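The two complexes that follow have chain A in common; it is paired with chain B in the first and with chain C in the second.
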Partner chain A sequence: MLRENHPRSFWALLLLFVVFVLFLYGPTITITILSFQGPEGGLTFPMRGFGTSWFTQVFQAQSVGDIGGSFERSLILGAIVCLTTVIIAFMAGLAFRLRFKGSSILFYIVIASLIMPSIVISLGIGSLFELLGIERNWFSSGIGAHLTWTLPFGLLVMLAVFNRFDRRLEEAGRDLGASRFQVVMHVILPVVAPALVGVGLFGFTLSYDELARSSQAMGALNTLPLELQAMQTNATTPVIYALGTLTTAVSLVVIAVSLSLVLLLRARRARRSSI
Partner chain B sequence: MITPASAVVSAEQKLASTKEDDSGRDPNAPSWRTLLLVTPLTLVFLAFFVVPILLVIAVSFFNYESYQILIPAFTLQNYIDVFTESTTWDTYLATFQFCLIVWVITFVLGFALAYFMAFYIRSVTWQMVMFLICTIPFWTSNVIRMISWIPLLGRNGIVNSLLLNLGVVRQPQEWLLYSSFSVILGFIHLYTMFMIVPIFNSMVRIDKALIEAATDAGASQWQTIRHVILPLCKPGIAIGSIFVITIVMGDFVTVTVLGGGQVASVGKSIWTDLSYLQFPPAAANAMVLLAIVILMIVGLTRIIDIRKEL
Partner chain C sequence: MARVELVGLTKRYGQTTAVDTVSLAIPDGTYCCLLGPSGCGKTSTLRMIAGHERISAGDIFIGDTVVNDMTPVQRGTAMMFQSYALFPHLSVTDNVAFSLHMKGVDKSTRRRRAAEMLERVHMERYAERLPGQLSGGQQQRVALARALITNPKVLLLDEPLSALDPFLRIKVREEMKRLQMELGIVFIHVTHSQDEALALADLAVVMNDGVVAQSGSVRQIFNEPTNAFVASFIGGHNVIPGDLIGRGRVDVAIRADHIDIGQAAPGETSLQGTVRMVEYQGTNVHLRVRGPAATDILVIKSEDAFDRDPVNVGQAVTLRWVATAARELH
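Our next item is the complex of A and B:
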């Protein structure tokens, strides 16, 4: 793309793009470097030595917070929310192919959840459990709060996918004698599988990083983002950077796995259809 | 690449198009299967969205005491408190200011970057790569991305030592961190992507022939942007703006982490009430906030009719 003759505006905009990417990734890269400070190092440059001592400290008992526990909770919660989001969004996607009574209202409720200030939802869920006298917990109210955030994304992806779905495939399956269930399992599911991986990616990462909706819904035990926010105010050592590097690494691994899974599924489908 | 924003547009399209042909008898009348399939989704949103929001409305009229968080009652006292406290007005004013500044910057930045990716980059592969580069941070932790600014902007941070070494300033600049500046910087850092994605989506749908026609008719690049591209991107701009405005209006995390104790916002004051377990005043304030956000969205859709633009 660089060999062509470009107008000056191209270079100006390319420069803007590069600066923007630096702006996007620069801070994260900075704390990644700083998390490898030697044991004497502080919260900022210069680097005093180089090592992984702060990473080992993350997993040792902390004076503030419960990092190991919250990390574990966040991973489990993310996995549960991921799976639930995929299943519910897939089912709803199938249903939304037809217009049914209340489909518009349901659609707008889901969209409203996406743009509702998170603190209002958090407050509402907190009040609901408070009034019902049920203790708020990460595996009850917490999952619910996260689903109101992940499901809108999941449903929108499914709607877009089913919009482009060739219904003749389904009809062919029916004509060949497949039951409704068999059509779903053997025709629809393989075709939309890459999109389901995408929905799962939204489900896990959005839950794993969620903070605003969780604030009143988690109860006594924090998830990792909540713990991080609490720690941040009295962080005096690079432990917080090490923790940040670790959570970013988890996110990046999940993104990489999802993207390669999508590419793999697409490649397999392309190979099959070419036979 | 499927993105939420494009899905909003296509989903609305779908709902709009199916509306037209429901006068006759529908051969695909909803069966019990369809209803069964949407039951989980409906239940989740009833239990964790609709009922809680209705409850917030109810709670905003409740009483409270220090040992009992919620006392069912009907009092307007919470609203009276919200409107009579002088800090409320300052907080709303500050929040509007953030909202306006962040909206302008993310819009200009998002539009320019989307324009670059959509019209200057010819190869689809390159487009996708650049698009992914912009969206990957969206899938990583927001709190970490906020905290990442601290070693850069702090008193002994990189920016300050750079400025000192270059002789630009004599003393470390305190306004860089825990200030309105760092909060706005954080917002732009986190949410420009919400502008880029929908605007980019609108742009790639524009028929290239229209732009050629504009050029052939003698329009300059600026005129083409102003009179052809900008109007055709309105739905994308509207969707991006709705995201940015609602996020900034309700935010309390960015303001807490990057504003230190110095910066106020509506979301933060609700959050502070909640941390003292004062649910009813928080709910009243949340209702006022919600009303304002809805008004802003309605205003936006009045200016830009998302459906009509499709």
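Our next item is the complex of A and C:
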């Protein structure tokens, strides 16, 4: 009988992988556990009792900061950035197929904002608004700052998607009497929809946890990562852990929603083919 | 009347000319095959007729109308794309009903008409499947139904059989021919397969380097090739220099099955050679004979004829044929 024995290298690599996973998720797990400290508990182990009191405190007025407000702003900002990124990345992906004049220069200009240090871009946006005498706000300069981060990502994804897109599908659409707009709505958009869900997910999560690009661009009102950073410097209670647990939960929910969206699309196809 | 006529049709891509002043008249109700090696301009020609490629020069007539600047729907053409280009996100029914949907036909009408069309191509059982769940042959039928539901005056087919396995190819090609006769419309079918063209075409158009090398009925093309390219591309022919057999400085074409082995009778031409290969092919046996000036000559004999007078590799033989079997080429 043949038996497959794993070579020694398998076990070495497995160990490396386990250590890596611990390193990746250890901090999150630690913080999640610590956020359930009892009311007498502190910032470090051991646990003194067990409870959810710190979670209720999150939403009460803090000595420093405004967690509820910044949380809400981050969610709205993330949603706006997500939607804007999806729309612009889709249209830019369509445009870049045409190899128009100056398209490669435009491409490098867009990608350049990925390479530049985030803090420099944030400072630049901050001082530009200062210079023009426009007040910085999370819903103006803030959105702009986040789009400098999410749009290049979205564009790169869409370029890869359209690179593989079979243009004969469009020709077939035209051949069957669809107008250019109908081709976009009935052929291109449905075919690339799963990729757009991905771009949206990217857009939301990149915006939701962005710190460096937010730092100089948000104006008076903080987003959640900024608020967390401010609290971290003078936090004395596990409330900051509770907040960390909550934001992690939000990220998980977003991922779960996206995945179920993709699964739903798949299920619809499967249901259609059940006959 | 939906005859198709090309007048000086030209397609240039930058410096290269893909289709060079092609003129061609395809009568109504004709099954026309555009035949040639890849890069000969046959697909560009088809795509210009379809309206998916701009015309650099010349005119396309469908019926009495110049259709150069019309959309595919205005032309009354429908195209079946290579590897079919079915919409991957739509069910078979929705694929077939797509053109009706775009026209704004209501849902129940278009579903009914799609169902009728699917019945016609025997695909009604697969109406709710997605294209990804169909075999190549089934996809081909759906693509055909999707094109035919537009009631085209001209059906354009870009290598419609190349994605199928050889067995299915022969079966589907029979169905295509039957369908074309039933509908009585012009089919223009692009292929690089001689067998396909010979089996299907009323009008065969052999293309090479962007020009028409020869057009006519398949029998004309097979029996009377006018140039060396057609004779060698259509297969079953030997092209040899005329001075080997005292015909001067022209090439001649001789059908491989018109050559026999043995001493020449009066009125026959003969050539000495050595057998280089004997290949059994079932019905026929193929012999490759090395003649003078290193010319390879293909001889096709039926199995029975070969068995009556077998030869071996390395044997010296005399090839013979009636003088009229050798056609001069230009």
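Convention: the second predicted complex is superposed on the first by the 259 of 275 C-alpha atoms of A that agree within 3 Å, B and C clash if a C-alpha of one lies under 4 Å from a C-alpha of the other, contacts with A are read in each partner's own complex, and residues count from 1 in each chain.
FYI, contacts are C-beta pairs under 8 Å (C-beta built on N, C-alpha and C of every residue); 3 or more make two chains touch, one makes a residue touch a chain.
Keep in mind it's a predicted model, so treat the numbers as computed, not measured.
Enquirer: Would you check which partner chain A:176 touches, where first means chain B only, second means chain C only, and both and neither mean what they say?
Expert: A:176 sits against chain C, while chain B stays out of touch.
Enquirer: In the superposed arrangement, does A:191 touch chain B (first), chain C (second), both or neither?
Expert: second
Enquirer: Under the stated touch criterion, which partner chain does A:137 make contact with: chain B (first), chain C (second), both, or neither?
Expert: Neither chain B nor chain C is touched by A:137.
Enquirer: Based on the superposed arrangement, let me know which partner A:126 touches: chain B (first), chain C (second), both, or neither?
Expert: first
Enquirer: Just chain B (first), just chain C (second), both, or neither: which does A:168 touch?
Expert: Second partner only, chain C.
Enquirer: State whether A:30 touches chain B only (first), chain C only (second), both chains, or neither.
Expert: Touch partner of A:30: chain B, not chain C.
Enquirer: I want to verify the contact counts: of chain B and chain C, which reaches more residues of chain A?
Expert: B
Enquirer: Taking the stated contact definition, name every residue in chain A that is touched by chain B in one complex and by chain C in the other, in rising order.
Expert: In chain A, no position sits in both the chain B and chain C interfaces.
Enquirer: Per the contact definition, I'd like the list of chain B residues that touch chain A in the complex.
Expert: Per the touch definition, chain B meets chain A at residues 2, 4, 6-8, 10-11, 14-15, 18-19, 22, 26, 28, 30, 33-35, 37-38, 40-42, 44-45, 47-56, 59, 69-70, 109, 112-113, 115-117, 120-123, 126, 130, 133-134, 136-137, 139-145, 147-152, 154, 156-158, 161, 189, 192, 221, 242-243, 246, 249-253, 256-257, 267, 270-271, 274, 279, 282-283, 286, 289-290, 293, 297.
Enquirer: Under the touch definition given earlier, write down the residues of chain A that touch chain B in their complex.
Expert: Of all residues in chain A, those touching chain B are 1, 6, 9-10, 13-14, 16-17, 20-21, 23-28, 30-31, 34, 43-45, 87-89, 91-92, 94-96, 98-101, 103-104, 106-107, 109-121, 123-128, 130-131, 141, 144-145, 147-148, 151-153, 155-157, 159-161, 163, 180, 195, 198, 201, 205-206, 208-209, 211-212, 215-216, 225, 228-229, 232, 240-241, 244, 247-248, 251-252, 254-255.
Enquirer: Given the complex with chain A, which residues does chain C contribute to the contact?
Expert: Residues 50-52, 71-73, 77-79, 81-83, 85-91, 98-99, 101-103, 127-130, 133, 146-147, 150 of chain C touch chain A in their complex.
Enquirer: Would you tell me which residues of chain A are touching chain C in their complex?
Expert: By the definition above, chain A touches chain C via 166, 168-169, 171-179, 182, 186-187, 190-191, 193, 269, 272-275.
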